[in-house]
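Below are two complexes that have subunit A in common, paired first with subunit B and then with subunit C.
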Partner chain A sequence: MIFWIKLAFKNIFRNKQRTFLTLLPIIFGVTLLIVMFSLLDGLNRDSIDNLINYESATLKIVSKNFSIYDKKIDINRVGFLVPDEITEFLKNSKMVESFTPEIIFTGNLSDGINRLPVIVKGIDFSSFKKTFKTLEKTYPKIDDFENGEILIGNDVLKYLEINYDSTFIIQSRTSGGTFDAFDVKLLGVISTGNPNIDRATTYVDIDQARNFLHIGRKVSNISIKLKKETSLYDFMKSFEKVLSKYPDLKLVTWEDFAVEIKAIDSAKRYSSSILIFVFLLIGGVGIANTILLSIYERYKEIGTMRAMGAPNNVILKMFLFEGATIGFLGSFIGMVLGGLISLYLYKIGLDFSSVIKDIDIGYPIKNIFRGSFDIISILKSGLFGTFVGIIASFYPARRAIKENIIRILK
Partner chain B sequence: MQDVRVENIVKDYKVGDITVRALNSISLVIKKGSFISVAGPSGSGKTTLLNIIGCLDKPTSGEIFFDDEKISGYDDNMLTYFRNQNIGFIFQDFNLIPVLTVYENVEFSLAINPKFRKNHKKLVEEMLDMVGILELRNRFPKELSGGQKQRVAIARALVKKPILVLADEPTANLDSENAKNVMEIMKKMNRDLNTTFIFSTHDKLVMDYADDIIHLRDGKILQKV
Partner chain C sequence: MAKKIIFLLSSIFSILLFSYDKDYILERVEKNLSVKNVIYRASMKIEDDENTRDMELLLYIKDEKNVYVEVISSSDGNRSRFLKKDNSMWLYLTSAGRSVLIKGHMLKEGFMGSSLSYEDISENRRLRDVYDINVIEDEKYYILEMKAKVEDAPYKFKKSYIRKDIFLPYKEEIYSSSNRLLKEFYIEDYEKIKDVYFPKKVVMKDLLQKKNITTVEYKEINLKDKLSDNYFTKTYLER
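Moving on to the complex of A and B:
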């Protein structure tokens, strides 16, 4: 084996310039493969983190009328009273880290001059802080949240005229169907990096929301954060018995909320794969061409080997080794480059905030795109490049064993 | 005993619509350990005969036997295996692999031979020593003279201990001094290893080394000396 690997190395460096040019698309393809998938994995990971940390929690108890696709939030349809049994279960469950009620409705936020459509969330400060990371991202830092105060996403600020201690008006329809409004004082701004929060969400105290909507003790959902080591499936199974007593309620998990993220992710992976496939195809054609040229140049040598009794599989093996070596070398360089870029993306990331601005890219991420650094994925990409080399050299290698020995010896 | 027996070999080539007979009813027996020269002018069929005996080409009709083993009916894979195990080749242009050192060129012959899985180093060095180029083992072909290259080719052909070595005009690209040296080495190997050698040549001096000379003309044996 060592003899053949050594021979393959020696053969591919007979024409260094040609080998270098052949390596380029493989290097580029493998680097791109690693970087693209690092970025997509990172975006996917951060999107899901942003979703769980700021929007969905691990799962929610909602009304059976609730739909994640329903953009119009009607509190009369989706609001429900939380049964004491459920509250007790959640308090006592060893799998639950924390849970918090939310009241969600749509309204207009006005500074007296400008008016913006926003999502208003009524939250219980202490339990919300334990369940979501949103309140860790406020400016200034806040320790409590009182009636008559509001937190707003930092992108909302761009459209409003504000000063410190500004007062806003929130207008919305109450549960009775009439329009009403209430005043709130700006407590702080929230900058989570999740555009769904930063661009359109405001937070008020849950009691203020209840009073405004006239919904008594009703909530829009109970958001639940499970302990780290807990499996979603195990919790749902343990909760099944209690929940089955309340047919008007159901569970939705973060995975249900992530359907759109996953669809966008797979679409982007698909389109990236096509691009990378094209590069690796060019690389493969380059390898095939190099091996074919090499065979034409070495016809007499191949004839000599075959005359000496080298079986067809040995000749095939020799050229497949050469293709694999070119593929491996290109992949190795690509792995190093791709690995370094992935590491940079993982540790530092790329700041796209000035490019993205208000554009919806489909992921709940803005500002900094971070990649992932997965050594197994990098190694797989390298193996893939080597595999391309072997496949690409198969056809030309067959040429070497098909030719008549007497003819190629002349 | 490993005699080579050729019976009524005919070889026709198609050149366009015309059939050219390169060998016409050739029959001969070559005894094990003999040192045979095939002589004749260009186009007389020397190379074709060597190619057929060397299992590189198949006759149009006729039979070839190595002892009693009839090899003329073998398919390509069987012929490849037969060459691998039993036949060594020495070419006029040496046909060394330029990226391999002297040692590696000789080792190649063992690397493709399933009989020799181990002890390559010992066998190769012994053979390089026998042909007098052990000290050149790490050189590449481009660093060798013509005579040295042909010695490498001889070592490569003989390292696997074949029963027959075929040499197509082995001295054609060498000056007379080197040609003489190469022939002496071939003769020494023939004597020491009892390997059968068949070589083609135009050169009278080279023919003088042969035990027997087969003269060919127009694809027929003109004379056997």
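Moving on to the complex of A and C:
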């Protein structure tokens, strides 16, 4: 084995310039493969974190009329009274870290000069703080949240012409459909990095939301955060018996909310794969071309070896090792480059906030794109490059052993 | 003493003669607000901070349950048509070539993008059925203070300033339950045709924005004896 590798190295560096040019597309292809998948893995991971930490929690109890695709939030359709039995179950369950009620409705936020459509969430400060990370991302830091106060996403604020401590008006419709409004004082700004929150969401006290909507003790959902070690499915199984008594209610998990993220992720992986495949195909053609040129240059050498009794598999092995070595070298350099870039993406990330601005990219991320750093994926990408080298050199090597010896030595 | 008695009697007499009770005022206002068998040609201007949209409208009103509106021309190319038949409302989108039933949340949207909602147009109930009304009076107006008494009232609280001479509103103010002024409607001018007063110019202001004004000017008003039912059909809407 060592002999064959040494021989392959010796042969490919007979023409350094050609080998270097052959390596380039492989290096580029493997680097791109590693960086692209690092970025997609990172986007996927951060998107799901942003979804669970700020929007969906681990799962929610909702009305059977609730749909994640329904953009208009009609409290009359999705509001429900939480049965005491469910509250008791959640309080006593060892799998539940915390749970919190939410009231969600749409409205207009006005400073008297501008009016913006927003999502208004009525929250219970203490339980919301335990279930979501949203309240850790407020400026200034807040310890309590009272009736008559409002927290708004930082991107909402840039459209309004007000100062901290100003009064806003929230205009919406009550559950009966009556046009009404209430005044709220700005308590702070929320900056989560999740565009769904930062661009369009405001938070008010749950009792204020209830009083405004005239919905009594109804809620839009109960968001549940499970303990880290708890499996989602174990909890759902344990809860099944209680929930089955209330046919008007159902569970939706973060995975249901992440359907769009997953669809976008797989579409992006698919399109990236095509791009990378093209690069590696170019690399493979380059390797095949280099081996073929090498064979033509060493025609007499191959003929002599065969005339002296070298079996076909030795000739085949020699050229396959050359192809594999070029593939490995290109992949190795690509792995190092890709690995370094992935490490940078993982630790620091790329700030796209000035590029993205208000564009919806499909992921619940708007500022810094972080990658993942996965040694196994990097090694797999390297192996893939080596494999491309072997496949690409197979055809030219076959030509070397198929040629007639007498014609070669003429 | 005699002077005092004469003064007292004349005061009582003048109150009886010139001041009306609440029900009488409301009866007159509700009656005057309902127009029948009329064709309008109107212009509507919708202004906000960024844009101004102009449109020419043709309106057929048989009664409060039969209304047809057509956008004849508009600065943004919108040529929608609108039909209110009984309690249903339909919007014909020329670009899509089909009509949609306006229901649910769509009722809360602005009529053709204006400050007036479809719900404002669809309201058929008598004011007294929807609001608890208190009437106060100043020199020029009867001021109707209306507080919602039903869950599905369009507004929580509104004030209507009724002109004493014609028993029609000059101004309407929409308030929130916390008493914040949210919208204002002005009817700046009326035209009298065959003893019926028709609004000439209506201005609607959304006070949640610095500049959001909808102005409707009625240019031609044709009062008919009877309007054909054919205008108020889906066939006519989708023609």
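By our rule, the second predicted complex is superposed on the first by the 410 of 410 C-alpha atoms of A that agree within 3 Å, B and C clash if a C-alpha of one lies under 4 Å from a C-alpha of the other, contacts with A are read in each partner's own complex, and residues count from 1 in each chain.
The working rule: a residue touches a chain if its C-beta (ideal position, glycine included) is under 8 Å from a C-beta of that chain, and two chains touch if they have at least 3 such contacts.
The shown structure was predicted, so the numbers you read here are calculated from the model rather than taken from an experiment.
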**Side-by-side fit of subunit B and subunit C on subunit A, or clash** = fit
**Request:** Classify the contacts of A:305 with the two partner chains as first (subunit B alone), second (subunit C alone), both, or neither.
**Result:** first
**Request:** State whether A:176 touches subunit B only (first), subunit C only (second), both chains, or neither.
**Result:** second
**Request:** Could you say whether A:216 touches subunit B, subunit C, both of them, or neither, answering first, second, both or neither?
**Result:** neither
**Message:** Just checking: does A:110 make contact with subunit B only, subunit C only, both, or neither of them? Give me first, second, both or neither.
**Reply:** second
**Degrees between the directions from subunit A toward subunit B and toward subunit C, using C-alpha centres, nearest 10** = 150
**Message:** On the A-aligned overlay, A:72 touches which partner chain: subunit B = first, subunit C = second, or both, or neither?
**Reply:** second
**Request:** Pick one for A:3: touches subunit B only (first), subunit C only (second), both, or neither.
**Result:** first
**Message:** Please give the nearest C-alpha separation between subunit B and subunit C in the three-chain superposition, to the whole Å.
**Reply:** 75
**Item:** Where subunit A meets both subunit C and subunit B, residue numbers
**Value:** none
**Request:** Note which residues of subunit B are touching subunit A in the complex, please.
**Result:** 51, 54, 56-57, 77, 80-85, 87-89, 91, 93, 95, 97-100, 104, 107-109, 111-113, 156
**Request:** Within their complex, state which residues of subunit A touch subunit C.
**Result:** 72, 74, 108, 110, 112-115, 169, 171, 173-183, 214
**Asked** Across the complex, what residues on subunit A touch subunit B?
**Response** 3-4, 6-7, 10-11, 14, 300-301, 303-312, 314, 405-406, 409
**Request:** Name, in rising order, each residue of subunit C that touches subunit A in their complex.
**Result:** 49, 104-105, 107-108, 117, 119, 148, 150-156, 174, 176-178, 180, 182, 206-210, 212
